[in-house]
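Both of the next two complexes hold chain A, though its partner changes from chain B to chain C.
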Partner chain A sequence: MTKSWWKITSFVLLIYTVTGGFLLDVPRLPILNETIRNLYFHVAMWFAMTILFSISFFYSIRYLRRFDLRDDIFARHFASAGCLFGILGYITGFIWVSVTWVADQGQSLSGVIREPKLIFAAIGLLIYGAYFVLRGSFTDIDKRAKTSAVYSIFAYVMLFVTMFIIPRIVEGSLHPGGKGGQGGNPALNFKDIDSRLRMVFYPAVLGWTLLGVWIATLRIRTQLITDKPLLHTTHKN
Partner chain B sequence: MFTSITALVKKDILLELRQQHTFYGILLYIASTIFVLSLSVDEPDAKAWNGIFWVIQLFICVNAVAKSFLQEGRGRMLYYYTLVHPAAFIVAKLLYNLVLMLFMSIVSLLLYTLFIGNPLSNIVQFIGIAVLGGISISLVFTLMSAIAAKAQHNAALMAILGFPVILPLLLLLMRLSRTAFNEVFKEGAVLQLTGLIIGLDALIIAMAVILFPYLWKD
Partner chain C sequence: MKTSSKIITVFLLMLCLTTSLFAQQTDVEMADTMRSNGKIYIVVAVCLTILAGLFFYVWRIDRKLSEIEKQEQ
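Take a look at the complex of A and B:
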């Protein structure tokens, strides 16, 4: 956790993302034009969110296997870092929407809210919101850790099932890779994304994710210090 | 295993029969909700009718299932703990709530069509979907009730926990129920949606059985 190489990597990658993202050449499609640069920020946020939630899920399972309160602290802070990136994803998405779909395509905002990907993101944020409310309602730390781990495992599985269900219910999507395309996520599909974009996009995803992990670990470390007496006693048992 | 499940379900039914006020309470809740609705929205169009119906189901379920774990005191839970396997306990609770919610779904559908009108073209199909929906919703909320019961018996918490999780199921159900309004579906789509809902239900049951033992130990 205290090793610094990955923090330096994150820093360098993000410097590259910001400078390269704004200065390197990008393909200009109608309507999108230069806004495609938002790919490095908006889409990367969602990737980071999903990865951070998955790390939180992993620690929740580990808590139920070992009952070590440290795992609970990890799960909690990775979830909150994931939420932060989810909110940032919404903000960057909102900026993107307002200059493309709303301004150029004449879509209404209420139409945009029914987007499959937005529904998925909203469910994700609601679930982790509920997770924090649940945590807040306990005074006993062991009970809190156990119950919230159960909820987060259940909710995470349901969330990822949702990802496959929603495209079947909500027809059409403004996002690329919806019904019209080959399906799946175009950012992951090698054929759908221009190689010029890939040059910055993959480093951006890695950089943002590492930043998220960095934020989470800082908070985990402070909590581990403040909770030291508690952890010590529970660990002995 | 099976004997303990049946014994637990029987015990819950017996408890319901002895303490009828909660049962009638939910019935009254259904009746008054639908009455208030009928006064505020007379004859909604098919889309609104469908949406309102499912939202009502959601709230009925929160009320009907909420007490299933909340009524079990600490001492009684400890007693069960010494007697039965946790999987048997949660399966019994799921079963009991399923039956309860099934009944409530049918009653509410009856009152709903009576008070708010009936734009359905295929009522038998819709009853089937309502039954499937009632089952699905009751499964999710039973587990949520088990979680919420751990947190100082808070019924509002159950709704907060359950709504984001139930959303995909609810969307599926609303989509599927449009077939009962004469909407033409692609061939095989109805079967696929039904299959998805049943699959999700199976997943929820599996997760409830896996995760409940952790909630149960204190």
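Take a look at the complex of A and C:
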């Protein structure tokens, strides 16, 4: 076990998330009812995804500065951990939609599918999906690392456009922060999110992110072992 | 009165305040029955078990990987 304190922190925080997330008091809201607790799981997934993609973005830029293949391995596995959390966020969103917007609010499924955040989150994730397709299409490792690092920067920028900008400027988003609501990022706005929710939400985000980092580092360490011969022969510029 | 006991008193007073607030907003349907009969603890116990199991599994992989890393050096 290397540097295990943050792994323990992740465990403790997620234990707190599950316990506090189910047992602590939450605001009583119509339609949402108890499902408001999904904030600690569904929304936290997207936050963790964004942080993991940010780490991947950092390593992509670092690769382009130093051309060290280790940075490329880091960028790749943080991106894949980010995708895992993104897909989990999407699936949990589907489950949440089916009870609140479709069943309780009486919206048609086609109306829900037109939800801008749903469409653009899918686009954002697909752009990251193409990152892995791009990687797979190279045989030359240096070329692969260079091109995918450049593409990763583009994908990261597009993620912000598709997930955080467009759904908030077009009409018809039911997600918090959409047009017609208060705008901005409701989860980060202190006036918008209830303080009782914040008490579990922020630890939840940190806990899930650390778990994602842990999973990513396991895969990175595995690849560092398997690619050891390659890493030793390549020179650092 | 010591500072610690003051803090505890204030905390208890605040707790009373929140319970009264809680009692006022019962018009929205929540899983209150589940809470009153304590079955929510079963849900929490199940989720915690799954979480602990997952973490144990990841931890085992981590330890195995560390062993391999040591051998490689």
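FYI, the second predicted complex is superposed on the first by the 225 of 237 C-alpha atoms of A that agree within 3 Å, B and C clash if a C-alpha of one lies under 4 Å from a C-alpha of the other, contacts with A are read in each partner's own complex, and residues count from 1 in each chain.
Simple rule for what comes next: contacts are C-beta pairs under 8 Å (C-beta built on N, C-alpha and C of every residue); 3 or more make two chains touch, one makes a residue touch a chain.
Just so you know, these numbers come straight off a predicted model, no measurement behind them.
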item: Chain C versus chain B on the shared chain A, clash or fit after superposition; value: fit
item: First, second, both or neither for A:33, with chain B first and chain C second; value: second
item: Which of chain B and chain C A:198 touches, first, second, both or neither; value: neither
item: First, second, both or neither for A:155, with chain B first and chain C second; value: first
item: Which superposed partner A:134 touches (first chain B, second chain C, both, neither); value: first
item: Touched partner set for A:19, first chain B, second chain C, both or neither; value: second
item: Superposed arrangement (fit on chain A Cα atoms) - minimum chain B/chain C Cα distance in Å; value: 32
item: Touching residues (chain side chain C, partner chain A) in the complex; value: 18, 22, 25-31, 40-41, 43-44, 47-48, 51-52, 55, 58-59, 61-63, 65-66, 68-69, 72
item: Chain B partner contacts - residues on chain A that touch it in the complex; value: 64, 119, 123, 126-127, 129-130, 133-134, 137-138, 143, 146-147, 149-151, 153-155, 157-158, 161-162, 165-166, 168-170
item: Chain A - residues contacting chain C, complex; value: 1-2, 7, 11, 14-15, 18-19, 22-23, 25, 28-30, 33-34, 211, 214-215, 218, 221-222, 225, 228
item: Chain A partner contacts - residues on chain B that touch it in the complex; value: 143, 147, 150-152, 154, 157, 160-161, 163-165, 167-168, 171-172, 175, 192-193, 196, 200, 203-204, 207, 211, 214-215, 217-218
